[in-house]
Amino acid sequence: MCPAFRPRSVAPLRYSRGLAQIHDRCDFAWRALCGRGNIKILMQPLRVTIWNEFIHERENPAVARAYPRGIHQALADAISRESGVSARTATLDQPEQGLPQAILDDTDVLVWWGHAAHEAVEDRLVTRAQERVLGGMGLVVLHSGHYSKIFKRLMGTGCGLCWREAGERERVWVVNPGHPIAAGARDCIELEQSEMYGEPFAIPTPDDLIFVSWFEGGEVFRSGCTWTRGSGRIFYFSPGHEAYPIYHHPDIQKVIVNGIHWARPQGRPADVPRNVAVEQAREKLTRKGPSVHDAAGRVASRSGGA
Amino acid sequence: MCPAFRPRSVAPLRYSRGLAQIHDRCDFAWRALCGRGNIKILMQPLRVTIWNEFIHERENPAVARAYPRGIHQALADAISRESGVSARTATLDQPEQGLPQAILDDTDVLVWWGHAAHEAVEDRLVTRAQERVLGGMGLVVLHSGHYSKIFKRLMGTGCGLCWREAGERERVWVVNPGHPIAAGARDCIELEQSEMYGEPFAIPTPDDLIFVSWFEGGEVFRSGCTWTRGSGRIFYFSPGHEAYPIYHHPDIQKVIVNGIHWARPQGRPADVPRNVAVEQAREKLTRKGPSVHDAAGRVASRSGGA
Amino acid sequence: MCPAFRPRSVAPLRYSRGLAQIHDRCDFAWRALCGRGNIKILMQPLRVTIWNEFIHERENPAVARAYPRGIHQALADAISRESGVSARTATLDQPEQGLPQAILDDTDVLVWWGHAAHEAVEDRLVTRAQERVLGGMGLVVLHSGHYSKIFKRLMGTGCGLCWREAGERERVWVVNPGHPIAAGARDCIELEQSEMYGEPFAIPTPDDLIFVSWFEGGEVFRSGCTWTRGSGRIFYFSPGHEAYPIYHHPDIQKVIVNGIHWARPQGRPADVPRNVAVEQAREKLTRKGPSVHDAAGRVASRSGGA
Amino acid sequence: MCPAFRPRSVAPLRYSRGLAQIHDRCDFAWRALCGRGNIKILMQPLRVTIWNEFIHERENPAVARAYPRGIHQALADAISRESGVSARTATLDQPEQGLPQAILDDTDVLVWWGHAAHEAVEDRLVTRAQERVLGGMGLVVLHSGHYSKIFKRLMGTGCGLCWREAGERERVWVVNPGHPIAAGARDCIELEQSEMYGEPFAIPTPDDLIFVSWFEGGEVFRSGCTWTRGSGRIFYFSPGHEAYPIYHHPDIQKVIVNGIHWARPQGRPADVPRNVAVEQAREKLTRKGPSVHDAAGRVASRSGGA
């Protein structure tokens, strides 16, 4: 057990559903700390980067009132209350649009908020971010980020939806209470004022559907969805309009934090494309028949490939 | 019943599993023919366009021997043996790279073969083809087409894999015998000479996995996979190397024809993005709170969106 | 083309999205009729059996008013308006609870409605029906049938949900307009009076989610879901309370008919369990090591198996 | 950071992909230990119960040689090397077939091995275990357990497959290197002697396919699959014949341990079935129209339900 170096001072705590996550992680800590005969290890926190185009907050007084330091800072404040998470922010107006390769490489989970300036994001940044996701970086896309280049790139679809901005009531229902992103959530989260996002939502079928929203005006929306692309996990969560204080709602913050933890890197990237030489075949092989590749597996082409 | 206007000449045929597809389609024909009180209807066939970069066949003698008129023509010949399918071909060297908007608009299912010249395909063509798939056009991607721009665009991933060109034996196993693409297929299709494609295959989890291949050298591969993107259906089928006569194999042809039928347009495209005015809400609504959109749902941005 | 034996009388009809289903089925009819050099073939229609426990309609006056001849008969009348479908009914009070093996074997798609008497359905009937579904028979489960033994058996979960019977408004939204079950459906189907079914719905993640419902009282529900089990397709559709005339609504009828067509048998059943003798291995094998099976692949056990 | 109360003794360890799991769990330990201002907490380990029918090991000398104390004990020994996991065993010959309610309630993840005596397992035990899985208990099913009552119950399908017992070579390929169950695994695990399990495997489409096996005799098999049922996670892993020492292979042990960690309880069970009274509707409702339920939401039936 984790603090086993003080065994006399510990008192047993029954394992319970609510403590399941803490428990098994504690165990891993113990392995890290003690299983290696070394308690001098200092683990660094999960590195979260929150990207925001940061436009509405500086141009629209209503948005500025809701998020005086920007949506990114409101999110960073909320996330940083979690120990073990290190949240930094990045904005469109910064050098390299806030996400140079070094920052991306130093990010475990990227949170994305954009609305007015999707087209301003450079394609080469989108490509860099996509490659990091495929390699394992988590991505949490919020609200109008459904229309960001990075989300559309990873989905392969248009990602359109219906919408209406009338300050109506939204209920975010949990449809999958066993999913870790719903951990701690009640049956539904009520938002007195929200922007309606309605179906059909032009996304690929999610791996897991966690939340479905009800709107006062009569619509429904798949408001919490996950996908895996390459070795990276993606969570889309729709609540979060710029002029309503939704990101100050503790239950919304809880879902976003859960989503960040869920999206943390797992496993390893796929080591492809890769030519396997005949001599490396696991069963003994003799080359037969004609070939359009050279010995290194290359074809005379502009794009290479298999 | 279809030819019911000659009821005396018809003899009943018991419905059986093997005839299920024919049966219910016949019924539809009957509806089309007789349910409308009109037997003058002539249905036009499913419009299939087979695109091929058409490079190896002209540069490599081994490929030219296997496919003297090009892979596209070998496929068109096989597909056209199906009545009710109209197959045309298109190649990279044609105007607008073979796929002007008018051809795409006149295509129900697009078949794609490319290898050496993926990068030569223009991005604007890829965008056009993607939009048609999202709107309902089917797409059948063959063999090295896994690395085509259109497939990668729709998948959102790198689509890499392992490969080895040694003319080794491949067995294409049916893992989902209930799927219509496997209709008529035996337990497995044996190919005496094939190029090895091996896991990990960097694709999103398929909606349906229909075939898994075994290779003499010791590898496995998910060789038949489907996805839906927007309202379009996508089938990837890996057998089909350019220098081995795989596309002349009747079982391989059968799978490709099944895939084309499966990928035919269904339903309708999603009518999004779309702003729903407050006055059009299905439940009576009064606008509350601040807004960042104008009355038409537009935000002051370069990209618009919700 | 189908009536090609009268080629002079046919006039071309342009292929269009709306005609896609008719078209390709017509082609198959043509193949069946002419491709075999034989126009004497009479195809039999898709065989649909509608099972109803048929209790509320005889015990509750409100239900009797809505469905004087039973829900099964109202559904049969609606479905039979489709040519090419042959709908028969079966009820709990009939011999073998309406579904002897011969009827099941003669059924392509089984429609199920039950509510008050789920427990009365015998387990051996459930087993028979399950085996037929796994072998390819389609199953359409309606409304309170979510709690039927056959649905729970095929899902493996409890299939519970929240509910409220207050005659409130329901909107059945299309979330997947490209799916054939949604063909012809508008954005949403409005039902002035419905029973609320609410999340969480204790089902496995559907293969496809086609409809999500909005309820006046504030809830949402995944109201149209599909799964494949074995070679059989399953469609669950929740609208359809016994005391409200929902099954008389033409859009609801249309969805049910679409679901029946979608669920028709495809492909073939899996030929398993099956022992493959060493001599039958596709690659030459020599038996190595110890064995717990005899030469026929049997283990000394009560259940046999691999 | 976890041992931050001794800040001077800690040395930073760079966060890396390989340490990702340890890292974020360490953080949670820190929260548990320090965030509560209390370091006296002793977390109890993940409670794993390994069930084995324990028949072959006592009846067949070859099996007894491979697993002298039973497969369950070999697995327990391997799993217990993981700190933070508490593995106990249970066998068919024990009271209540080894799994009384108290043991199931005290189990986070149940591992199942059976072959010769599937039918001997009582249905009421299967029902108890199913309910625990739906409520959140993880289930890891090994090898011939594919044919166990509990696995078939949760899958809803026949779970049959092809097989051959010839001691042939198997390669267990990783098709999803980003999945946590594959963490630490190389490209493939080679087993010199294994029993062939071949497709088609009569299971519902897995949520995630992690491993696909290649067999010397020419077959393939989906050898590592996951599903979620209710709030419980299920992992099936096919390698593990009783007469070959596969469970002594460290890579196989690693996968099983990964699977156990992955299957640990998450979230919470769905609180259904549940009637929501009109007065409890989140939007104000007035009851309209007829009803077949009483005020408590009960219908006059044997099975109750919605």
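For clarity, chains are labelled A, B, C and D in written order, and residue numbers in each chain start from 1.
Here is the rule we go by: a contact is a pair of C-beta atoms (placed from the backbone, for glycine too) under 8 Å apart; a residue touches a chain by one contact, two chains touch by 3 or more.
Note that the structure is a prediction, hence the values are computed from the model and not measured.
Identification of common neighbours of chain C and chain D yields A, B. For chain C, the chain with the farthest CA centroid is A.
Our note on geometry: chain A versus chain B, Cα centroid distance of 31 Å, whole angstroms. With centres defined as mean CA coordinates, chain C is found 26 Å away from chain B.
The distance from the centre of chain B to the centre of chain D, each centre being the mean of the chain's C-alpha atoms, comes to 37 Å. Multi-chain contact residues of chain C, defined as those touching 2 or more other chains: 171, 176-177, 198, 200-201, 205, 207, 218-219, 228, 230, 270-271, 282. Across the complex, chain A is touched by residues 1-4, 6, 9-15, 17, 19-35, 39-47, 82-85, 108, 136, 171, 176-180, 182-183, 187-188, 190, 207, 228, 230-232, 261, 264-271, 282 of chain D.
The touching residues of chain A, when paired with chain C in their complex, are 171, 173-177, 198-201, 205, 208-209, 212-215, 218-220, 222.
By the touch criterion stated above, chain B contacts chain A in their complex at residues 55-56, 59-60, 62-63, 115-120, 130, 134, 144, 146-147, 153-158, 160-168, 193, 195-198, 200-202, 204-205, 207, 216-219, 227-230, 242-244, 270-278, 281-283, 285-293, 297, 299-303, 305-306.
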